[in-house]
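Naming follows writing order (A, B, C and D), and every chain is counted from residue 1.
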Amino acid sequence: MKNKDCKTPYDIFRQRVNIIIHGVNTPAGRLFDIILLFVILLSVFLVMLESVESLDIIYHDFFIISEWIITIFFSIEYILRIISSRKPLKYIFSFYGIIDLISILPMYLSFFIPSTKILTVVRALRLLRLFRILNLVQFSGQASQLKLAINASKTKIIVFIYFVFIISILLGAVMFVVESPESGFTSIPTSIYWCIVTLTTVGYGDIAPITPLGKIIASFIMILGYGIIAVPTGIVTAELASGRKTRTLLPGACKKCGTNDHRNTAEFCYKCGAFLEE
Amino acid sequence: MKNKDCKTPYDIFRQRVNIIIHGVNTPAGRLFDIILLFVILLSVFLVMLESVESLDIIYHDFFIISEWIITIFFSIEYILRIISSRKPLKYIFSFYGIIDLISILPMYLSFFIPSTKILTVVRALRLLRLFRILNLVQFSGQASQLKLAINASKTKIIVFIYFVFIISILLGAVMFVVESPESGFTSIPTSIYWCIVTLTTVGYGDIAPITPLGKIIASFIMILGYGIIAVPTGIVTAELASGRKTRTLLPGACKKCGTNDHRNTAEFCYKCGAFLEE
Amino acid sequence: MKNKDCKTPYDIFRQRVNIIIHGVNTPAGRLFDIILLFVILLSVFLVMLESVESLDIIYHDFFIISEWIITIFFSIEYILRIISSRKPLKYIFSFYGIIDLISILPMYLSFFIPSTKILTVVRALRLLRLFRILNLVQFSGQASQLKLAINASKTKIIVFIYFVFIISILLGAVMFVVESPESGFTSIPTSIYWCIVTLTTVGYGDIAPITPLGKIIASFIMILGYGIIAVPTGIVTAELASGRKTRTLLPGACKKCGTNDHRNTAEFCYKCGAFLEE
Amino acid sequence: MKNKDCKTPYDIFRQRVNIIIHGVNTPAGRLFDIILLFVILLSVFLVMLESVESLDIIYHDFFIISEWIITIFFSIEYILRIISSRKPLKYIFSFYGIIDLISILPMYLSFFIPSTKILTVVRALRLLRLFRILNLVQFSGQASQLKLAINASKTKIIVFIYFVFIISILLGAVMFVVESPESGFTSIPTSIYWCIVTLTTVGYGDIAPITPLGKIIASFIMILGYGIIAVPTGIVTAELASGRKTRTLLPGACKKCGTNDHRNTAEFCYKCGAFLEE
């Protein structure tokens, strides 16, 4: 369908936009990435500040105006991304496409939904754009090695978390039987919550055992938690130590599975289906 | 005693039940496993919700009826397991056999014991059926490798926990001498409890040192706990790292000791006596 | 000086006592060790219970009588140890000799010092006898391997703790400047104490930042603490992993430095001077 | 410019001072180092005690006098360091030069600024001299090996911390939406602070979820935090384990980058520009 020899002006425009948005090697592409990075950070920062009631009262108008400016900026970016994409629908329904849409919708919805309360909450969805930064900032090598090690030890860590969860349910039920509701162990779910708080060594202290037997069991849970923290650590370390010797991620390789013999025009990894960002 | 050529209808029924309950490769066997998994999870979920007083008041009748349905389901499963087992007594007195019995008894006992209070607690014993899920969900490979590493480092971790315990007793006694009862250090056992809470970096804050000397000793205990957490981690990691190189669990191997040259009809590992689940 | 051919009855008595106290291979020696183990644990248990005021009021007489029985038992053991030792003075001034003496003195002192208050505290010194159990219970192999790894990484861990301490002083001073005394940061030492509590992820919550800037710095300290916990773990793990390959402790080897070519009559390691317990 | 054959008395004085201040091998140099070490520790100790209000009221005059003595001692040391340095300006604008100046300035400023309040705070800057001790106390070998491992894994740890931070922002926003302001989640920044407190397993307990959904999400965050603590540990361990095999820091090598073929007269590493302390 596409012909390299005769291009309409629209095709040329699309190609230029493509270079600016997806390209990292041209000055315009770099500038766009840096501006986008700052606007996202600014947007995140504004959402955070807006939630502080004392600030919202004073600077309410300022926040509204900034929100609109950022929304318009993101809207233009969204439209350009759709235009420049070779397969617009694929982008729209991709993970980042949906996030990009979600981050601009709330402000437009504010015309129809008057309540400010709900909107503040919905606006927080814009924070999801932080994921976009993960791709903008290029920790190639280091991050990908980390990702590989974590991916490789994922199954083991899930098995481990599953065991932690079952232990928490059982010990939580025991503590519910042993401790009285006065000390905060009002139900089995609450006891399980306490057990996870203790096992992970967080220890808020909002619920704490009072009876001697409860304290003995709690001590046992703590030492257990202290001991089993070794397991995920051991898993990841063993993976990383072995990873040091053999695996290195080649340029252009899929960040998820490490496959690197993709065609130049490939947009998705032919092995695991992950999106290939340049 | 068993003759392959002439089977009574009961033998055929037993064989079918056996295939359904123990088989994983037939559709019926798979379906049974999935149903069992969901019923156990549902049962666990109900026990948890029942303990929440506000819910129990509203949905009391619903909980009672659900309990009865689940109990009848588990009872049928229990009877089928006894029937299908080649050696019924072995199953009845095995770990899972006892758990299966415990999880159905409380409801039948409710005819004789009227008090609802005690029964709610006893019913929590059904949570033990969660162990059954450990076998249903097959994490073969990953989990068994983990188990082997943990088994191998078990002795070292027990030695380590023993040291932690002695340190806690000694430092607990020191804190009892140093701190006044006003700050919560009312007795040596309480001080030991506090010491374990601190050493494992849980830190509830229900008991905290007030005197300057107490705070200095507490700081020392914390840094100590921060340092010695390295020991169990080191143990498991070293074990896992070395395990990566040599050991792999063959299919059909005993999950406890790794022996894999069992006869096809073997139900228990001939080396360590562990039950061989298919 | 000693002549194997003509022994006085006292020499024979001494030799028998020696076999009972120090020998592990004879039935009498084993029985003595087990009895000693239980008496020490009982003694520790009594000291702990005595400190609980509510129990002390009810069972005061029982505690006093038990104390006396245990004290007499330990006194006899102490005298037998002196008699049976080839070099009594060496035993008396050794680490365990001093602990053994300390654990029996308080009760005899109670004739001269009437105050019960001080004595309860002094009696807690008996807990030090727990160290004796470390030798009674023989974790040979596992424990010694652990000890070697910890000894090898000791210097690095001390360097690490030193850095943690300096960081705590500096960040503690910063938090004192940033936070107001109202939120608990009343002085630099208190701030340092808080900083250690936070850095080691204990987090009592008795002191917590209130101002926004304080919370930002606190977040930074927490993530820092979360990150540097990796260092001691890494040290011990690397040591243990390398230890697996090369070092094994031979029977009769010095538990401290691993030297194993001692003479049969040697009581102290000829290389590091550590006491050679059988 | 310098001529070894004809030295002015000032040159001889400078050389002697140089030997005393920078030399470690001469008795005078060692004595100076030990005295400096103790004066710094004393100075740090005084700053800490001064901040305790109850002590400051009683010993105010004593503190002022001690401060002056220490300030004069440090001033002399500062002047001697400038004199003895071959390139005085380089020292003055070096990291340690600025710290040395900062630690003496506050007392001289007290002539012009009367307020005691501000001065106490400014005086805390003297704590920065603790960095000087890092060089005085020579942990050569152990510390440098640690430093190398930490330097090597720095990038990975920063990537890791960045992920922790993004997760905290997202989960913090979620908790703000889920929990009501009554339970302490008053704004998104506060929620993020709580999320970091939880994820790092510190767990103060000043803010804790109350709603069931909040508790479920909190449990998830805790287990997540418990799991991802494995990552930095794995990084450092893998680095240290591999470091054991290959790298050893030769005497005279740069402590920052390990380069060791410096000229004898070199003051700064020719490769990374770090100051070469003897």
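Following the convention adopted for this analysis, contacts are C-beta pairs under 8 Å (C-beta built on N, C-alpha and C of every residue); 3 or more make two chains touch, one makes a residue touch a chain.
Quick caveat: nothing in here was measured; it's all calculated off a predicted structure.
**Q** In terms of C-beta pairs in contact, which of A-C and A-D ranks higher?
**A** The greater number of contacts lies at A-D.
**Q** Please state whether the interface between chain A and chain B is built from the same residues or different ones, using more than half shared residue numbers as the mark of same.
**A** Since fewer than half of the residue numbers are used by both chains, the interface counts as different.
**Q** With centres defined as the mean C-alpha position, give me the chain A-chain C separation in Å.
**A** Using C-alpha averages as centres, the distance is 47 Å.
**Q** Hey, how far is the Cα centre of chain A from the one of chain D, in Å?
**A** Taking the mean C-alpha position of each chain, the two centres sit 33 Å apart.
**Q** Which residues of chain C are in contact with two or more other chains?
**A** Counting only residues that touch two or more other chains, chain C contributes 160, 189, 192, 201-205, 229, 233-235, 237, 241.
**Q** Where on chain D is chain A touching in the complex?
**A** Residue positions touching the partner: 155-156, 159-160, 162, 166, 169-170, 173, 176-177, 186-189, 192, 198, 201-205, 208, 212, 215-216, 218-219, 222-223, 225-227, 229-231, 233-235, 237-238, 241-242.
**Q** Touching residues of chain D toward chain B in the complex: what are they?
**A** Within the complex, chain D touches chain B at residues 201-205, 233, 237.
**Q** What part of chain C is in contact with chain B in the complex they form?
**A** Residue positions touching the partner: 44, 47-49, 51-53, 121, 124, 127-128, 130-131, 133-134, 137, 139, 142-143, 145-146, 149-150, 157, 160-161, 164-165, 189-190, 192-193, 196-197, 199-206, 229, 232-237, 239-241, 243-244.
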